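Listed after this line are the structures, all set down as structure tokens.
Consider the two complexes below, in which chain A is the common component and chain B and chain C are the respective partners.
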Partner chain A sequence: MLDALQQHMPFLLAGLWMTVQVTLLGICFGTLFGTLVGIARALGPRPAFWILGAYIHLWRGTPFLCQIYIVYFVLPQTGIAWLQFDSFQASVVALTIYSSSYIAEIVRAAINAVPRGQVEGARSVGMTSGQTLRYVIAPQALRMVLPPLGGVYVIMVKVTAVLSVIGTTELVRQANLVIQRDPANIMPIFLVVAGLYFVFCYPMLLLTQWAERRYGGLHLEA
Partner chain B sequence: MSEPATKSPGDTSAESRDIIRVENVHKVFRGAKDHRIVALAGVSEVVARGEVLVLLGQSGSGKSTLLRSLNGLEAVDSGRIVVDGRDVTDRKTDLNALREEVGMVFQNFNLFKHKTALENITLPLEVVRRTSRQEARERAERMLARVGLADWAGSYPSQLSGGQQQRVAIARSLAMEPKVMLFDEVTSALDPETVGGVLRLMEELAGEGMTMVVVTHEIGFAKRAAHRIAFMDQGQVVERGDPQGFFAAPQSERAQQFLEQIL
Partner chain C sequence: MKGPIRNLLTVAGAIALSLSIAAGTARADLVDDIVQRGTLRVAVQTQGPPISFVNKEGKRTGFAVEIARRLANDMGVELKLMSYEWKGLIPALLSNKADMIAADMTPSVQRSLKISFTEPVFFEKVVAFTTAGSGITNMSDINAENVAVAATQGSTHYQIAQEKFPKAEVKEYAGGGPAVAHAVAAGRAEVGVNNSGSVRGFLREYTDLRRIEGTLRRDPLSFAVRPENTHMMQVLNNYITLLKVRGQLEDIRAYWWNSDAWRQDHM
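Let's turn to the complex of A and B:
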């Protein structure tokens, strides 16, 4: 059994590497995009609030599996050149959209949770709205964003398992391929797969906790 | 006594003697379901350079709204407000430039919670005034010493008492070297034992010739420091006068009622 696992390991690690790439790209773009949407929803004009709200709720209210199918199978049928994705690109796009829809709401809620007096204090000494955002709102919102953001990141790692349905050679897809050749070892193989996910997720949770201690909580009470 | 000191001798035009002119200003707050609150109903007022004007009145009489409209924190519906030659009510006016000149101190301090006392003062200097880090730091330290908090430079607002926070807030405004200071019920949220220090600081400022507009319920302060009282009711100034006259013999019925209630 151990021999067999040793033989399978390179395939599984290749799958893990794909999972890591897709996840990191997805959450990087998703965080960037989600933050912009969240800021626009919190501080922008009313129409932006409604339009971006519709966008967010559309993605939050539909299954990720369904979204992957749309990105990979439906969008290319529009015939628009830059909507023709290979499975890797489709995976990153779907993850970006999915994570941004959650991150946008986290960012919006954090900005709204910064007391209005903080903004008035900044404006009353002559800061522009941009300076107020950068020096007063953002640093305070950041502290509130970190814990839920860490949660979303870990969920994103795990949701990549679904990407196997469009042929992305990520961890679960690789495991399935291995099992087709070696069905007898299904249990140890999936134990290893679960272990590999955990090895990726757990440091992210630790990182979040560290960031919380570093930037979070302190001095914001009262 | 009631005649405020004129800061610019030789130039006696009304424009330069008066640093604040408020002309027939209206403001209505609109809530849900046609709910309307008339905050300002055609108020006019003038503040001379170096003058300390105290705004009195019941809560809801419009005094805080008037104060907040002076630096454009509250936009008014109609009328004209000119502060130091800048038309606050003109959309084209750079309100940020105006606010550098007009300090404001709030009931709830509004110190930046994620910054120390010192950083609360240096941040606007560096960001708005483009003061060098070194100079901002030195000025902030002088300001903290001025308000008696030199030893608290590294403390966060949550580690300071209300009175200390308010003194930091005053120091933050003073560091910008404003031409006018606006005070919005700055002692209302304080524990009684810390009120005195804040009021003494304000009286010192008044004594140094700072132009101040003060919304307060502290009658003792108004008697000692005000050059002039404006009493507001239902969005208008219904009575104005020097403190002795006002407190000894208020003319309007509303002012008489108000003083009976609080004295």
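Let's turn to the complex of A and C:
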């Protein structure tokens, strides 16, 4: 059995590498995009709140499996050239959209949790709205964003397991290909796969814990 | 509306229109496209040996894959294999991700309403298997209320099982033949339904599995293209005829389907 696993390992590691690439790109773009949407929703004008809210709830309220089908199979049928994603691009795009919808809500909630009086105080001493965001809201909101963000990142790692339906050969797909050659070892192969996911997810959780300590916990004063 | 914004919208509209026209004309003849771009994009399922799988060297191979490889080679273009799950194959073809499907797909009436099938490339016998201790010895034992039958999700095997065993509970499994074999070996279902070639492989991997005598159905298996690609369809049918008349298809079949020679080379 160990010999067999040794033989399968390069395939599983190739799958892990694909999972890592797709996830990291997806959560980087998703964090960037989600933060902008969250800020716009918390501080922008009323129409932006409603429109972006519809966007967020649409993506949070539908299964990721449907979303990747839409991004990969449905969008290209519009005939628009820049929507002709290949498997990898479609995976990153879908993950970006999906993660951004969660992150936007986390960011908005964190900004809203900063007491209103602080914003008014900052404005009354002559800060612009940009300076208020930079020096008053952001440092406090950041602390509140970090703990739930780690959770979202780990969820994003795990949803990549369904990307095989659009032809992305990620970790679970590689495992299934290996099992076709060696069906009797299905159990140890999936144990290794679970272990590899853990090896990827756990450091991300440690990283957010570290960042929480680095930037301090939640100490809000009105 | 303000002037600059209206201009911007007009330009954007014009670009979108020209892009969609360009996309439309580019697909006038798929065969020309394939030759021009130098790649044949083939959607495959990778559902398991001997039809389509990844071998010990990490190379995609199998009965259907090797025919596609040979076709690309004879066309003088590169082969680009795109691997999907079973349920992704037809969407991939219809959304123009691939030029053709090379899989063990039965040209069922319902599917043929959506996509166009080539002449049969090979035939499959759909058979049933069970565990040694299940007490099921012939086909008539399967059609009973306390029997669970496993079949691949979205497959004709599933429909055949429902038709032939209306009293039994038919369960669908994603993940191709190996998932069905594992479901039976693990006791999740008493009986599994799959093609005879794959079942022979299962019996080798799981020593307590037994084939049940008899054949549920004999079905043709075809490759497929989008309905509008008539030239591509003719290229494929012509190719299949050449392979058949020259005896090459028989050689391929003998290697992958009727022997275990491929097992030493690839597993």
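Simple rule for what comes next: the second predicted complex is superposed on the first by the 218 of 222 C-alpha atoms of A that agree within 3 Å, B and C clash if a C-alpha of one lies under 4 Å from a C-alpha of the other, contacts with A are read in each partner's own complex, and residues count from 1 in each chain.
Here, a residue touches a chain if its C-beta (ideal position, glycine included) is under 8 Å from a C-beta of that chain, and two chains touch if they have at least 3 such contacts.
Values in this document were obtained by computation on a predicted structure and should not be read as measured data.
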Given the touch rule stated above, what does A:S124 touch, chain B (first), chain C (second), both, or neither? first
For A:V199, using the defined touch cut-off, is the partner it touches chain B, chain C, both, or neither? Pick first, second, both or neither. neither
Check whether A:V136 is in contact with chain B, with chain C, with both or with neither, and answer first, second, both or neither. first
Touched partner set for A:L191, first chain B, second chain C, both or neither: neither
Kindly classify A:M9 by the partners it touches after superposition: chain B alone (first), chain C alone (second), both, or neither? neither
Once the two complexes are aligned on chain A, which partner has more residues of chain A within touching range, chain B or chain C? C
One more residue to check, A:N176. First (chain B), second (chain C), both or neither? second
Footprint intersection on chain A (chain B / chain C) at none
In the complex, chain A residues that touch chain C: 7, 10-11, 14, 69, 72-74, 76-81, 87, 164-167, 169, 173, 176-181, 183-184, 186
Would you pull the chain C residues touching chain A in the complex into a rising list? 16, 19-20, 22-24, 46-49, 53-56, 58, 82-85, 87-88, 91-92, 94-97, 175-176, 178, 181-182, 202, 205-206, 267
Give the list of chain B residues in touch with chain A in this complex. 71, 73, 96-100, 103-104, 106, 108-114, 123-124, 127-128, 156-159, 169, 172-173, 176
For chain A, which residues count as touching chain B in their complex? 117-118, 120-128, 131, 135-136, 139-140, 143, 218-222
